[in-house]
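Here it is, the structure in full.
For reference, chains read A, B, C, D, E and F in written order, and residue numbers begin at 1 within each chain.
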């Protein structure tokens, strides 16, 4: 029992630490990748290849002067970024990071903070609360740009949640009707990854994920040409840092979810053959770690794709954004759902 | 079938009249009403005065499941009242020939509709049907008063309507209450016999409640003393024909209702409350007479006299004696005829002189002797001089009331004296004395007016001298009624 | 999980919440807050239904809650649309200003 | 049931009209659809007493079908009446769809057998009406009416739900039949909160039919809403709500009548007094009709109060609904056309008899019917109610009803007086569409016709 | 702890918080604060759902109420810029009446609970009713008709909201 | 009227199904950006690497001394006049006895300041100078923290006596010859809006 608690505690710490670290290094990679895509060099002064840049940025954030607008609601002003960060971190808790392993004493540990049977819903729940951080922050700033940014952010997030949810329903049907993330990943172990059955669903999910994380080309909430800094115009110092950080954490988590949902999570092609080849038996902790490595690689690829998209595509106009969300993605996702039902019926996975 | 025809014919006639334009309407209406009178005479002839109820019956189920029937028939009393109605309506229509009414087709149509409803009230043998006709009678008169009435017609007609409607809703409740206790072969029934039986089966307390529920409607309609306040104003403000209808016939609806739909249903209620009602009636008689004495407006005077008369009639009815009831019936007929005459006179006065104010009138006898004679006959009829039609009724009434209670009789007798006082005083003031400035010329009467007055005077004298046919009918009807009450 | 708690406590709790909501509806002027108080009332009902559902070991109570949620969402959508329309017209949503209809 | 499905289908179809450009055809299609729904509804009449659908969620028994019939008939007339109303509005399609959806809810209320369907029915009926009440976007009064209606409606829903929850808590089921059997089997040992639940449902339903003291929203809403929507509210909605109350209290909670009759009697008494006396003081016609509808609600509630479930009582409420609905349609049809210029005061009717004698006559008939004067159908409606009530222990209510009816006659007659006796300086005839005139005439004729032969309703809806 | 089980502690704390926040919703001057308190209340209620073994409902509750409905509220408040506490207060009388009415209702309702026998909730046998699978089964068998007809409700609400929300082109 | 032939006619043609899906276009765009990863970076990592400057690079100014070490500038003000950015100010003074070795002629610039924030390094001052006193060099203006520090006085502009700056590359023969032409104000031959440099 105690061991279990300690283990869970450690996993928690690792996941949160990982989230933060990945977020931090995402900023570095963002800059590096954007430089690469634009024939530049990118950060290269702090440490080799500029690897210490995130630390420097963080330090700078901490030591910047903290400015809280006079007429704003102080409490809410502080609450906004904290909430945003909190919800961003909370999403990580249901993601299965690796195969569960068995110790010699026979007890099984999973590479996951908690495996609740309605993990998908949990994700949606937490994501839907995430809006509050932005809205409260934007509103409490008492700045019209911030307010407009916040309103844009929230309406955008709410709009795209719909299509996202429906595409996930299709996914759930494909993966045998479970809402548990670990089971969704597990059932891709034996067969093929869900992307094969859900290409359209993935596309929709991906686009929605971009919108949900306020990433380009859907970064209207913070589009500097119109709204100065968007919802965090009035923020400075570490509170601004929290917003930026949380955004990268969101990106990390949504990449992880995409990898888990559509690309088999910690599974990879011919994994079993590979494990046999190097002589690992089921339940070994190394399998978990290798799986985690595979998973992490996928995540990194997705993060890179996120960035790649950002530095390629121009920003949408607001009406185009809504048009895309409601008039294209929503019908498409419904279509996808319908197709999925038909396909799964013929595959024999669902019965009426 | 004939009885149903008596109802149906005026209805059809009125519908027809509604769509006739101009003065043809009134001629047509007159013609129809005369035909209706002839029809009723036919009924009178066909009626066998043999103490059997409900001759010339017509019965057809209306709402089967609720025991509502379209059931009509005649007994002595209703036949008399039907005759009165059909007799008066042509006269009333004729009396309007001198008045130009806007939209005449509606006016005469409504009068005929009114006739239909009144006949319906008198011949209905089904409680529900009775109530429907009772309410239905209200609508045409409401419109007649409202559309062609005097200056304050809107508010006064309103008062009239609300009063009577109010009362009749109570009656409905009372009747439904009794109806709920009926049992005709396991079903509920609205037939009056069933209602009588059901009413008698109620306990005394229940009967008193029902008594008051139903009585209020009739009391308002008649009107009896505390419920009378709508009446003088309405009489004064209604057009003359409306007033004639109201006083000549509608008033009888109330008294008739008491006879046919109250007394037989709740004999115990009568026993308990009869005294009270008698008191009220007698108070009404004296009170109205006293007020009539001081009236300056002739029409208003007649209105109060009408209250006094009806008080007497109701006292007679509630005495529940053969004489009292028979007198009431006779007096109803006489009063109906007389009061129409009186109102016509009021109308003639205003047409010729422009006023009804007693102080401003005088010396008309000198200008138009015929008129004075006719007026006098009618007036004497209404003060119940022997050999006029009023006498027999009033005599029987006072007799009946005296049988019920000597004091009541005494006060009722007082009414005769008081009646003579105000009537003669009005005659004196109008016909005798000096001429007043404003009525320099009182030309000859219009032929129609003259005709009506002559007819009325004829009737007054004829039935004063030879009341037997009517009296026989009334006697048999009342006997029948008394068997139901006991 | 819930062993040992009487249903009466849940009854009490949701009643209190319900009444707080009702008082809010009656006592506040701001339309939005009135609206929120109605939501609070509905949630009190939801809580009660779930408690009873657990008591009876019957899922239909929980299913009913779904319908309440759907209806609440629909009502809010319509209500806020009306509110924003009112706001467009009068630039205020105090129920006070909404007294063009005489009482 | 088929009727319900057809009406839902029509609602969806209406929404497609904009896209596929058959707006002009929409009204005929809807009318036809209603007729078909009507017919199909009555096809089920031949079946046994109750056919239930979807595991006892909804059952169109004869009572349900009869009430649906009234609702559909009223809706039919309403749609014809609304012809030009739809034409002048830019959101025609949405209006059609919303009204049809409201009808779906109303039909559900006539036939629910489960608390879920009751609740959903009420909401499906109400939500479109909230919108419709507020549909005059530029008119702040309309907006306000919509919002008030919404707030009060949701507030009432809260009570309804709390009641349902409590009853569920006691009986463990949402099914009406099971609740009824629970009442009979647990006659003595029911927890107290079950009764509270019943009372709360009663209160909520009284909110919905706007019985005093839960009526305060009604005049405002009726006044502010577009006239035709008010007509819809006071006919279809009322009828449906009464069908629901009837089923709930005469079928479901009949066994605990000792709990709710007292409360109901109080509500009725208050409604009668407040409604009639307030109505008498109104100068706005729509407001007056609102109060009048409250008093009619009280009358219909009396039948429920009598708590006698037999042919007579069902007939009574059925007949009352029909008479009231048809009469109201006639009245509102006239009011709608007369108040088109924006003047909703009583003086808008001045001299109508001169200007439009036909319309004045119809209005007269409608008013007489609402006042309950023979031989209009309103009279028989009242008569049936009295008959039902007289056998109960609440006779005092009857007396009150009689007194207040007389007051009622007063304000209905005010309209008639205005039409016939008040002068108008510029007597210009009110423009009225042929179709509107047709509806008004037809409904007036029906009012008279079913007044002359009231038995026909009982004969048609023989139970 | 003090003779209470953890469940009882949780229940107590959650209840206390729920009522506290609910009161704050009513008494808070600023609508935005009200919204946030209401969200907190919803979280407490969701906590109760978890206690009652209705996990699925708890999450749906959060998604629907906190995630959608309340965001909508916040949205509208922000759009209308109701930052100022400009709300005119109701008269004291109205407030008192509201309070008294509410108190009476509370009194009656609580009074009605008095006679009720103490029924203890137990998770035995109820742990599976709140699962998605079970709820889905019930929803799509017994409650199929309401489920289907709820689509009409949502459709109507959608049409209505759009009709009201959109600007007239005229 | 067509001014240039660079104008393009914008078409409003309806997109084909494939085009309206945008996906191929998006992928194409992404491929373009991705291809840039493998392109050579043009970045010069100053200060480790520096760019090669051309001989005529116009950098920081220098006030030259003559062969004997005396300042050439006589504060005639032509440079300030020529300066389009009005970056140059000066104050003259008369040479005192005993200062012959410091200043070449009787008048000299007591104060000579160039505001480097204003200067656009056009080199007109250099061209204007009749005394061969001011030249632009290939040195770069240092960064400073304060604005005042960018106003370079004589202390920074005049070349150090022991650290002479070679401006021979700028003093091309051509220029020198040009300036020696008598009778021509070498800096002010304006024709229209262009300086005619080609005398020969």
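Simple rule for what comes next: a residue touches a chain if its C-beta (ideal position, glycine included) is under 8 Å from a C-beta of that chain, and two chains touch if they have at least 3 such contacts.
Computed from a prediction, not measured in an experiment: that's the story for all the values here.
Q: What are the chains that chain C and chain E both touch?
A: Chains in contact with chain C as well as chain E: D.
Q: Indicate the lowest number of steps between chain A and chain B, counting one step per move to a touching chain.
A: Minimum number of steps from chain A to chain B: 3.
Q: Sort out for me whether D-E or A-F is joined by the greater number of C-beta contact pairs.
A: Answer to which pair has more contacts is D-E.
Q: Taking each chain's centre as the mean of its CA atoms, which one is most distant from chain D?
A: Comparing chain centres, F lies farthest from chain D.
Q: Which chain maximises the distance between its CA centroid and that of chain B?
A: Relative to chain B, the chain with the farthest C-alpha centre is F.
Q: Need the CA-centroid distance for the pair chain D / chain F, whole Å please.
A: 90
Q: Report, in whole Å, the distance between the mean C-alpha point of chain E and the mean C-alpha point of chain F.
A: Chain E and chain F have C-alpha centres separated by 72 Å.
Q: So, what's the distance in Å between the C-alpha centres of chain D and chain A?
A: Each chain reduced to its C-alpha mean, chain A and chain D end up 53 Å apart.
Q: Let me have the rounded angstrom distance from the C-alpha centre of chain C over to the C-alpha centre of chain D, please.
A: One centre to the other, that is 26 Å.
Q: Any chance you could list the residues of chain E touching two or more other chains?
A: 56, 60, 68, 79, 109, 113, 116, 142-143, 146, 150, 153, 156-157, 160-162, 164
Q: For chain D, give me the residues that contact two or more of the other chains.
A: 116, 120, 123, 127, 130-131, 134, 137, 193
Q: Taking chains as nodes and touches as edges, what kind of graph is this: line, ring, star, complete or other?
A: Topology of the interface graph: other, matching no listed pattern.
Q: What's the complete list of touching chain pairs for this entry?
A: Contact pairs between chains: A-E, A-F, B-D, C-D, C-E, D-E.
Q: Quick check on the complex: what are the chain A residues that touch chain E?
A: Checking each residue of chain A against chain E gives 73, 76, 116-118, 121-122, 124-125, 127-129, 131-132, 135-136, 138-139, 142, 147, 150-151, 154-155, 158, 161, 179.
Q: Report the residues of chain D in contact with chain B in the complex, numbered from low to high.
A: Residues 311-312, 315, 368, 373-375, 379, 383, 386-387, 390-391, 395, 398-399, 402-403, 405-407, 409-410, 413, 417, 420-421, 453-455, 458-459.
Q: Quick check on the complex: what are the chain E residues that touch chain A?
A: 30, 32, 36, 39, 55-56, 59-60, 62-63, 66-68, 71, 74-75, 78-79, 83, 131-132
Q: Taking the complex as given, what residues does chain C use to touch chain D?
A: By the definition above, chain C touches chain D via 7, 11, 14, 18, 21-22, 25, 31, 34-35, 38, 41-42, 44-45, 48-49, 51-52, 55-56, 58, 60-61, 64, 67-68, 71, 74-75, 78-79, 81-83, 85-86, 89-90, 98, 100-101, 103.
Q: Going by the contact rule at the top, pick out the chain A residues touching chain F in the complex.
A: Touch list, chain A to chain F: 36-41, 44, 308-309, 311-313.
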